[in-house]
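One structure is given below, encoded as structure tokens.
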Amino acid sequence: MAPQIRRLQIAVSGLGRMGVRHANHFLHRTPRAELVAAFTPDPKELAWAKENLTPWGVKIYSDFDEMLKHSGLEAVCVATATTAHAEQTIRAIEAGKHVLCEKPLSTKLEISEQVLRVANAHPNQKVMCGFSRRFDASYLAAYRNATSGSIGRPTILRSQTCDKYDPSGFFVAYAEFSGGIFVDCNIHDIDLALWFFSEKKQLPKVKSVMAVGVTALEPDLAKHGDVDNGVGVVEFHDGQIAYFYSSRMNAPGQHDMTEIIGTSGKLTVNANPTLSLTEAHTPTGISREIPQNYYERFENAFVEEARQFTDAVLDDKPVPVDMESSVEAVRIGVALQESLRNGRKIFFDRQGNKVEDGSRAKL
Amino acid sequence: MAPQIRRLQIAVSGLGRMGVRHANHFLHRTPRAELVAAFTPDPKELAWAKENLTPWGVKIYSDFDEMLKHSGLEAVCVATATTAHAEQTIRAIEAGKHVLCEKPLSTKLEISEQVLRVANAHPNQKVMCGFSRRFDASYLAAYRNATSGSIGRPTILRSQTCDKYDPSGFFVAYAEFSGGIFVDCNIHDIDLALWFFSEKKQLPKVKSVMAVGVTALEPDLAKHGDVDNGVGVVEFHDGQIAYFYSSRMNAPGQHDMTEIIGTSGKLTVNANPTLSLTEAHTPTGISREIPQNYYERFENAFVEEARQFTDAVLDDKPVPVDMESSVEAVRIGVALQESLRNGRKIFFDRQGNKVEDGSRAKL
Amino acid sequence: MAPQIRRLQIAVSGLGRMGVRHANHFLHRTPRAELVAAFTPDPKELAWAKENLTPWGVKIYSDFDEMLKHSGLEAVCVATATTAHAEQTIRAIEAGKHVLCEKPLSTKLEISEQVLRVANAHPNQKVMCGFSRRFDASYLAAYRNATSGSIGRPTILRSQTCDKYDPSGFFVAYAEFSGGIFVDCNIHDIDLALWFFSEKKQLPKVKSVMAVGVTALEPDLAKHGDVDNGVGVVEFHDGQIAYFYSSRMNAPGQHDMTEIIGTSGKLTVNANPTLSLTEAHTPTGISREIPQNYYERFENAFVEEARQFTDAVLDDKPVPVDMESSVEAVRIGVALQESLRNGRKIFFDRQGNKVEDGSRAKL
Amino acid sequence: MAPQIRRLQIAVSGLGRMGVRHANHFLHRTPRAELVAAFTPDPKELAWAKENLTPWGVKIYSDFDEMLKHSGLEAVCVATATTAHAEQTIRAIEAGKHVLCEKPLSTKLEISEQVLRVANAHPNQKVMCGFSRRFDASYLAAYRNATSGSIGRPTILRSQTCDKYDPSGFFVAYAEFSGGIFVDCNIHDIDLALWFFSEKKQLPKVKSVMAVGVTALEPDLAKHGDVDNGVGVVEFHDGQIAYFYSSRMNAPGQHDMTEIIGTSGKLTVNANPTLSLTEAHTPTGISREIPQNYYERFENAFVEEARQFTDAVLDDKPVPVDMESSVEAVRIGVALQESLRNGRKIFFDRQGNKVEDGSRAKL
């Protein structure tokens, strides 16, 4: 018998590294969703789609606007290159679709704000930026714990995104479009700060940002104003501080970790990283492996993200990551990258406008 | 478009605690399988099925043999009470179906052997007993590591199955049919010993078993010849020893752990248990939670089990857990329970026959 | 100015591996003790003493009885070969000295009992067997926790003593005199069981013992009725079970660990071993080192043992390890070794007498 | 017999919290040193000394200069209030004594530099500032590992000093003289950065510092220009970055941790803190304790510091912490505190002079 369950008719745009994953998640791991279409202009991605999606009844498009016209299509997951995120999101919204967009909305603040305006103009459609860590079981456990009040007021947040070193130098070329390490990597950590520091649904107000960095292994990153190791500090106006580290040269694999420090306790996520529950006792000591990449660490979070987005649409609930926050993350990421490049501390007033004189802003 | 993928047409028998999970796994988390039918005679389980399975196109049966006649049915997952495992497995095999049967095959050795004979008489059907730990990522990592030779010859195996204490006393009544703690809990640990100790695909030969136990919290277990804490030791004929612990009173939750000790190294699985990557730093110290029950710990392993069974059928590959091993696990579990009850060490010759004089068997 | 503090005048007998350590502890790390003499008949040890003890004013003797006559001597630390422990302890007691004797008192039960009788006949002298783990900070933390009632009644104790593999084969020759692996290694674990299982200062009463073992790396151990890996189980008459593992082939180093399982909680000591707080993140994973030998793990415990023994004498307090317990540890260790050798389970009545019929003893 | 060993004749100045510890270490735990004198002007400390030091032959002085004249005195350990460190160190040096001075040399850079000049003018005397972490077994293991080249070039260092919250508010009053959280707490972390980042015995050259902070629990700290949580970032001129966190409100106890990130690996010290090897498994999870204060964490390091200082004097070896580094630590700590107070990033040229324009300094 065919299912009589109403399932969200969704398409995935882009079948690169992340697109393939999203396609598989909606196809096989999101019971309330049905992947009905996919878009890619790339011949290699197209070949993959013919082999892996077509047999499951998914229609493949090489034209994004054609795909938007797919009969019965309700939602789109935008997983193309970062440079196309905003434009496709806007076109999908304007075509009446719900949208789940990969992070970041854009590497530019103004464009991110434009997406927000369009989304706000279509209040009956769900639009969400995919900050995957918010769907990770460990981060969720920490969030429940923090919001229960058990650590007092979250005051200091430290968070890092560290990738395993890729000797192919892929990330050097990638830096041209990525927005830089603070926009590409630490955007997740910034999002976590906004999440944990929000009070009464109000985002914290950034007061200053400062960033430094080095090119320890890839001096060519300097061409794009980027680094392979960055440290950033963000002050907020009401007595909260977040500080970040990102690296492209973590030896054993992916090590993303966060600590949320409150006035009466602290929560750590992944202070003691491991891939599995297995350890090897050998003549040189005791050792364990860690995930090799972001997806190995957060696969289940991506699946949960797909499910919660689907539920939000089908059940008409608010999406779990609100768009204002995702735009604010871009603002802070871009400012950190600017501070990295010009060597200066950057100050903001409570309205989010840059102000010249830091010491005055402090008062 | 409807999928053009060939999917295994499978039914689940029994919709109790484990049956519901298996049904969900085949329905939503095993892309190459299609749950087409389910059997339960129980009104409450039937009501659940009508709400949760029927809308997805699953046909519900209250008669097991009727279900076996479901058009196109290829395989059955037997997840009823332990007492029905063997009989249903045999009937399904004889009806031409592939079978995935929950562990143990039976609490009786002779009945388990009978299942094996029937399975062997139908060599074109896949029959597998669901020893879920063999599908857990951490155990699989340990197994790959051990079979790569990195720890030398596996020589000593320690393994435990410890459940969170259930003050409702459910497990006291359950003990009447469970076969006892060594058959119900440590059967997993026994299976692991058989898995890790096999050499050139030959199972190790049991030489002696000895078990002791106490009823620390539930003296009524004694009525069923059972205990709430058991320790068992199994010697094998070629210089290997496994020792086990099981408990019904583990305070923080489920703590199953194993160490495989080889001549040049050791592998541990879950020596340092945790539910997630989150820790809480509070005025009383640093703490973490652990899984509350077997399923919370092994959910992904059950899903992987469903997938691998499905693949074995569709691709005509050997099932990953062979039936001889699953029968041997029953032999050892039953002998440990016997030793617990009569207070004696029990000896076996290389053919698996009990022998009287241990000291002579030793030579 | 010379100190006006009264300090215990103590001598060390034997300057082998352990003797040198005890000498250094009393000389440099036990403020209330003064090492005044040392005995060794061995020329190499004598040479060491001349260089390392004589300059500090320690008198060196090559005759044990002469040393006992050292003017003002109050106490002796017996740290010779195991075979001389009992005899020297008895002679020192009879010469009026307090005695701290290395474990075990003897590899023979009768001789251990004889030491106890002599000690009991000199009630004003302190006599203690040096079970070092009782002075380790981690074990003490566990003991305080357990005796506070926080885990309910200690019911199951698992404990292991695992040495790093010594390819020189030293321990094969050593096995001739060591009493075997259960008497030499697991005696510590047995002592812990007696410590944690005692109730109202009453030692638990052994009911049965059973041991098995293998010679995985050193078949020549069989000549001395010994093994390089042993598993033993000890039942006590009032519903408590201890089970033990010992090994001579632990790859990364010394790994001694214990868990004390009570009716409402569990305490682990060294489930997650490490040498220091340092971990290395390298391309192959995350690794840490562990102690390489018993002393590296328990150095501070030996120092604390020296201090507490000294305090007990100077302040006339009971010694922290009572002699009855140390004799009982020998009884159990010897019985485990016997069970290992004859392959049989051995039963005891409540008075500590062996009984033939296990199943009857059980009732 | 009296020892014939030459022992360093040393005095301790100040018998407050740290002075008492140093006195005990030199008296009882540094075999090659002899505590012969102590100075304190405080009646309560004097009473403690009469009870605890006099009986061991230690002469007590209430006048610092009188103590310096103690017959045979060779060295002084300065452990008074921070405000007296520099002056007493200078007077002791000028009186011909070797000096071990508690950190920091001073809360003022100029005074620290003056101590350095005096020390340099007496090249035959050993002068060392007591940065205790350099003597901790875990930090030493990390340092050996790093200098072996195993992690490539140390490039990023993260380090924190977090005290357990003291509700008495002691640290508020203390802030008046402590120099502020970066000088009082993070000075240790700064010292570690200087230690790990030095190359060919050359200290790294500070390029910029930036600090922010909050008063989460003790707003009164603002009176002294201090905070209870601080984050600081230090850039060095040759591509190295250190970033720091300090807190007065860590819930479970003292948690000081460091990671040293190199171009091919990372070392962590205390990422996974614990007081002992014991964990408790209770109905709410698994928990462990951590040290309650700095001394509980670093007691052995202080003892090792005393021993190594003693060895350096007696064997005429360089002291393990050089004075230039200790002055540089003050320079950086003071600059961080200044940045915290004025809200600005502060830049330095390679000669250590402040420069106005950061963006130019960057080039």
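In this document, chain identifiers A, B, C and D correspond to the written order of the chains, with residue numbering beginning at 1 in each.
The rule is short, and it goes like this: contacts are C-beta pairs under 8 Å (C-beta built on N, C-alpha and C of every residue); 3 or more make two chains touch, one makes a residue touch a chain.
The model shown is predicted, which means the values in this text are computed figures rather than measured ones.
Asker: If you average the CA coordinates per chain, which chain's centre is most distant from that of chain A?
Answerer: C
Asker: Any chance you could check whether A-C or C-D wins on number of contacting C-beta pairs?
Answerer: Of the two interfaces, A-C and C-D, more C-beta pairs touch across C-D.
Asker: Which integer distance in Å separates the CA centroid of chain C from that of chain D?
Answerer: Centre separation, chain C to chain D: 39 Å.
Asker: Distance from the CA centroid of chain A to that of chain C, rounded to the nearest Å?
Answerer: Chain centres of chain A and chain C, defined by C-alpha means, are spaced 57 Å apart.
Asker: Quick check: what residues of chain C touch more than one other chain, meaning two or more?
Answerer: Touching at least two other chains: 151, 250-251, 264-266, 271-273, 281-283, 289.
Asker: List the residues on chain A that touch chain C in their complex, please.
Answerer: Residues of chain A touching chain C: 250-253, 255, 273-274, 281-290.
Asker: Would you mind writing out the residues of chain A in touch with chain D in their complex?
Answerer: Residue list for chain A touching chain D: 151, 153, 155-156, 158, 208, 210, 212-217, 229, 231, 233, 235, 239-241, 243, 245, 247, 249-251, 261, 263-266, 271-272, 342-345, 358-359, 361-362.
Asker: For the complex, give me every residue of chain B touching chain A.
Answerer: By the definition above, chain B touches chain A via 1-5, 27-29, 31, 55-59, 137-139, 141-142, 145, 150-151, 264-273, 275-283, 289.
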